[in-house]
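You will see two complexes here that share chain A, one where it goes with chain B and one where it goes with chain C.
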Partner chain A sequence: MGVKRYVAKRTLQAIGVVYVVATAVFVAVRSVPGDPARLVLGGNAEPDELAAVRAELGLDQPIHVQYYRWMADLARGDLGDSIYTGQSVGASIANAAEPTLSIGLVGITIAILIAIPAGIVSATRRDRWEDYVATGVAFLGISMPSFWIGIVLLLTVGTAVPAIPSFGYASISEGVVPWLSHVILPAAAVGLPYAGIITRMTRSSMLEVLSEDYMQTARAKGLPPRLVLFKHGLQNALMPVVTVAGILFALLLGGIVAVEMVFGVQGFGRLLIRSIERQDFPIVQGSVIVVSIIFVFMNLFVDLLYMSINPKIKYGGGA
Partner chain B sequence: MSLLDIEDLSITFPVEGGPDVPAVEGIDLSVEAGEIHGLVGESGSGKSVTARSVMRLLDDAEVGAKRFDYRGEDLYDKSEAEMRQVRGDEIGMVFQDSLSALNPVMTVGEQIAEVVRHHGDVEESTGLLSELRRKYITGTSTSAPSWRRAVSLLETVGIPDPETVATSYPHQLSGGQRQRVMIASALGGDPSLIVADEPTTALDVTVEAGILGELRRLCDELDVAILLITHDLGVVAETCDSVTVMYSGSVMERGRTDQLFENPVHPYTKGLLRSIPEGASTGGELTTIPGSAPEPTDRPDGCPFRDRCPAAFDACSEPLPEHVVDDGHVSHCHLYTEGDDPGEVTWDAPAATNGSLDGTTERTHTEVTDG
Partner chain C sequence: MGGKPDTFESVDWTETGGRLSTLSRRDRGALLAGLALVAAFCYDFVVVAADQPTITFPVEWNVTQLDWLFVTTLLALLFYVVVPLYGNRRLTAYYWREFRKNRMAVLSLFYLVAVFLIGTIGPIFLEQPGLALERAYQPPAYLSVDSTVPVNCIGEVVNGQCQGTMEHPLGTTGDGKDILVLIVYGMQVSMKVGLISTLLVVTIGTAVGTVAAYGGGLVDEVLMRYVDIQLVFPAFFLYLLLTYLFGGSLFMFIIIFGLTGWGSIARLVRSEALQRAEEAYVTAARGSGAGTLYVIRRHLVPNVSNSVITAATLLIPGFILFEASLSFLSLGDPTVPSWGQVIANGRSDLSTAWWVSTFPGVFLFTTILAFNFMGDALRDALDPRQER
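Take a look at the complex of A and B:
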């Protein structure tokens, strides 16, 4: 099976997953106690006003009709409008997603740029000072939650370096430099715990690879040590790291919600929490579905990446 | 002058918080140019460690020798950079388990071609960046001289359809093909010596015969010497010109294959020859040497074999002597220090376990035909 057919098959499976998630979200949101129409209008609303709002939101329809409409709208990409702002859910999420994805992707990039070299140095200089420093810092990173690292960064780097704003977000459309200067601290805050875990993973995986027979074969060929390490060792060592790094992406997204609060970023995490508080159910529904889509495709991306570095894995096979 | 000439080699593994492990204690080993020399011994005799010491691949061992000469130059006097020119270029290595000894994420063609680039006569850059670019971005061009040489080496070692096999990954090949790939990669730098560490142990018997035949042919046609590590005297009889028999870190006997097989003098060699199962099973029990080899940390003084030797006597606790039996045939046994042949060692007397089950079949284990 070629890579295109494989991606097509996995995409079809992803649609199935999103359908199941959409159903679960529908059921969950309707099971929550409370009346959205009363929340919109406040406690003193007249019954006919309430009925009008319910009719507008489609809440007066039988449950199966609501379900059908929900799925039909979803299939057209229409997630409805916010109860509070009246803005479309798609637009609200897109606005909020940009800062969150920026922080997440820059965070991952920082994490990988730190962790993989640190893990390699740690393994090749095992039990020397470089190893102790790397594993010590990694342990520190794992031990501290993102929001705490965020506060510390804010109080140190944020106050010491005037060029780095400590609050808010600038869209990438305003230029790369303002964007990056706003994103760098929250990204570091979510990236550092992630970097700690990947450093440890890379170290142990690389140590295992260093003792493999094919590394001795490479030395027996008279290849220089750096070539033995980077040509024969690295790709093998990264295989388990890629798998774990993909799974941990979820952890990183979770960390962003709190970090957005620390840095006053109007991101996806804030939108979700505020919408839950207000029972703005169209936004909550839409957010959960968007997150599930991101996860499904992140997994697909990780699987493709893994296959590209491991020739033993073939496209196809089971689900 | 021998191609490889090692005198009084000792290899010790330091153990933290315990006694050091002396894997090899004062052995001599020499390999002539263009011959196949068998280094035979049971597990733990130190033969594999000795093989690796030739490539200076033992990082955590203390290696000491009076002389460790390759072409008259001591390998242990060389710098690490000089040693890299010896590895692959002068001495190639074939490991036992080809599945774990070949890199799983590289095509076998590239694993051979990189040796050609580093040691062969091709004008291709071998810098870190160009090698990494080749591996991760462009791949090795199939029209590159190193790749073409890799394909022709695969053909040399008897692989059909070498162009296709060169683009395969190790897990896609059979065990026999993989071992041939290992041999091809050892040949990549046109070495004068190949150290083959039990190259056929992981293979089944028919494939083994093919690989041994290949080694014999390469030795004869390319004039490359081979140090063949094995635990199988049958392999030695079929393949080797000369042989060194090791037991528990020491050499027991060495000589030309015909000398050793026709006129073994050391009781251990005799015991080994007697233990080779002959042809089709006759239904009898396999003959063995009673007992087992001592731990390296717990060897008796003098001859390490004396606790299992039927001819052991007082002098055996003295350091091993050297007795020249014949030209090139040397035995390290106290039985010969008096200067004359002590006569038959009593291996031939049937041991209690040496009867056939039905009591009728007579077997003679001392005669082993030189195949």
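Take a look at the complex of A and C:
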């Protein structure tokens, strides 16, 4: 199979997943006891109000028409409007995206800055104190939920360093320093578990590579150890690490939702949770679909990236 | 394996069938126990009214859906982990020698066994703590807090400091619930979440992986493409949606994560199965007339189980963490006192009553850490091929 066909196949597959998610959401919403109009209006709505909403949502149509409409709206990017604010779902999510993306990206950066060097040190100084320290810290990171790290950071760093505000968010348009000072603690909270996992992966992958014959050959040729380690070793060792990045994205996102609550950041997670509390049904439904789309295409991107950095991979995707 | 011959001479070399009559003693035991469980379940489902306790002796216990699943999980653990280990002592001794080299892992094992036993047995004898506002914010034993923090101090007040008492060794929450009791209940919640979800994941994953490897061709292709899709399916958000629609419940959490989380196990089993199918002992078994089912049951599954058990051990902490995060967001099951829920409740009181969030947090952390340590050590002990 050629590269183009492989990319096409994977893209189609991704679109298929999004379709399945959209269908699952449709089915889930329609299988609620009672009816979705009641979800929109809450428990004590008048019958004529219910009928009006039902007509507006198209719930008086037969099910296949509803399904068709649902998919057609989705294809146009129309996710409906928030019941609470009247703003369109797309705009609500876009407004809340900046803090969440900031925390996520800074978090990943922190994770990588810690994890890759720690993983390398851990592998090259195996069974020495450096390895034990790195492994110990990695285990601590893996074993603490993000929200817990957030609370601990808030109580320690947040209270000890007055320059770091422990609540809220400042947009990057207000300047980089206020932005970073607001983002750094939540980002560290979501980044540390991530760092733990990547450290462990880098370590085991590096250990495997270090025992390969080509490393021996490179050293025997008299290449400088640093060059051997970074060019021959690290390049190969990082490949499996890249593949899990996509899967870990889910973990990161789950972490951000909780961490936003700890730090009072008005991001996507807070929007989602508040919409669940307020029974703002279109936002919840729209968020699930938007996140699924991001998630699926993120994975696609990682897979294609992996393919491009690893010339050995077969385009079959199968055995 | 249970009743499996230990020495070369006593192996029954003619046994190659795959019929029910040749099931090992262990499998027959598991089958019997499973049938008994199904019968008990039918009794609870058909005869006993939903709001009546299933049994009243020795303690009153209304068995829930979740309890049934948990008992099933425990039986599976008994028949497919404990009995084989007990039956094959030489191998067990070998594993133990390897495992013992890692002192942290041994410590973790004992800790987890303790958490498991206390969490399983404790809630039967301890009443679930209820609202008791007059007991709110009691400090832990041997510690004290400014006497303005608790509404009334149960212990002595010395120099304006309320002293903790042994009545509430770890203090109480803002609604007067005893934290130690909440932690014991949380142990059960965590064990249920971790073990049941993992059992679901392992069962489905192993079945799908084996079928894919042996079915080959179209079956393999369809199953593995489905796994690809499932691996990128964001179950977390599906759970959020369902929570919104139907309300959060632990049962739903376990079902959703159990039914959508088996992709990595299926991949692992499939690739191992493909590898093992080429081994000489499988060829030999086939050559002496063994059927596919027999080969799968006697050669494949036992040989793959090491990697599966290791992977499963490392899945458990993930489930527990997820449940804690969701409970922390008050999206969990409001009826069960999970650790995440207690942490969330105590978060606003951290400056005055630090113990409310801290103790459950410490238990959550140590439990997950212990599972991670164990998984790591198991990988070293069970997989002799891996270089250490």
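We take it that the second predicted complex is superposed on the first by the 283 of 319 C-alpha atoms of A that agree within 3 Å, B and C clash if a C-alpha of one lies under 4 Å from a C-alpha of the other, contacts with A are read in each partner's own complex, and residues count from 1 in each chain.
We take it that contacts are C-beta pairs under 8 Å (C-beta built on N, C-alpha and C of every residue); 3 or more make two chains touch, one makes a residue touch a chain.
For clarity, every value in this text was computed on a predicted model and none was experimentally measured.
*Asks:* Based on the superposed arrangement around chain A, label chain B with chain C as either clash or fit.
*Replies:* Here chain B and chain C can both sit on chain A without a clash.
*Asks:* Is A:A189 contacted by the first partner chain B, the second partner chain C, both or neither?
*Replies:* neither
*Asks:* Just to be sure I read the superposition right, which of the two partners does A:I276 touch: chain B = first, chain C = second, or both, or neither?
*Replies:* Second partner only, chain C.
*Asks:* Quick one: classify A:I120 as touching chain B (first), chain C (second), both or neither.
*Replies:* Neither partner.
*Asks:* Which angle, in steps of 10°, is spanned at chain A by chain B and chain C when each chain is reduced to its C-alpha centre?
*Replies:* Value: 80 degrees, nearest 10.
*Asks:* Among the partners chain B and chain C, which is in contact with a greater number of residues of chain A?
*Replies:* Here the partner covering more residues of chain A is C.
*Asks:* After superposition on the shared chain, which partner residues are touched by A:K231: those of chain B (first), chain C (second), both, or neither?
*Replies:* first
*Asks:* Let me test your reading of the model: by the given contact rule, A:A220 touches which partner, first (chain B), second (chain C), both or neither?
*Replies:* Only chain B is touched by A:A220; chain C is not.
*Asks:* For A:E212, decide between first (touching chain B), second (touching chain C), both and neither.
*Replies:* A:E212 contacts chain B only, not chain C.
*Asks:* What does the superposition give for the shortest Cα distance from chain B to chain C, in Å?
*Replies:* In the combined three-chain model, chain B comes within 14 Å of chain C at the C-alpha level.
*Asks:* Show which residues of chain B lie in contact with chain A when the two form their complex.
*Replies:* 55, 57, 83-89, 92-93, 95, 97, 100-106, 114-115, 118-119, 128, 131-132, 135-136, 169, 171, 182, 185, 188-189
*Asks:* In their complex, what parts of chain A are in touch with chain C?
*Replies:* 13-14, 16-17, 20-21, 24-25, 28-29, 32, 39, 139-140, 142-148, 151, 155, 207, 211, 246-247, 250, 253-255, 257-258, 261-262, 272-273, 276, 281, 284-285, 287-288, 291-292, 295-296, 299, 317-319
*Asks:* Can you list the residues on chain A that touch chain B in the complex?
*Replies:* 212-214, 216-224, 226-227, 230-232, 235-236, 309-312
*Asks:* Touching chain A in the complex: which residues of chain C?
*Replies:* Those in contact with chain A are residues 220-221, 224-225, 228-229, 231-234, 236-238, 240-246, 274, 317, 321-322, 324-325, 328-329, 331, 340, 343, 347, 350, 357, 361, 364-366, 368-369, 372-373, 387.
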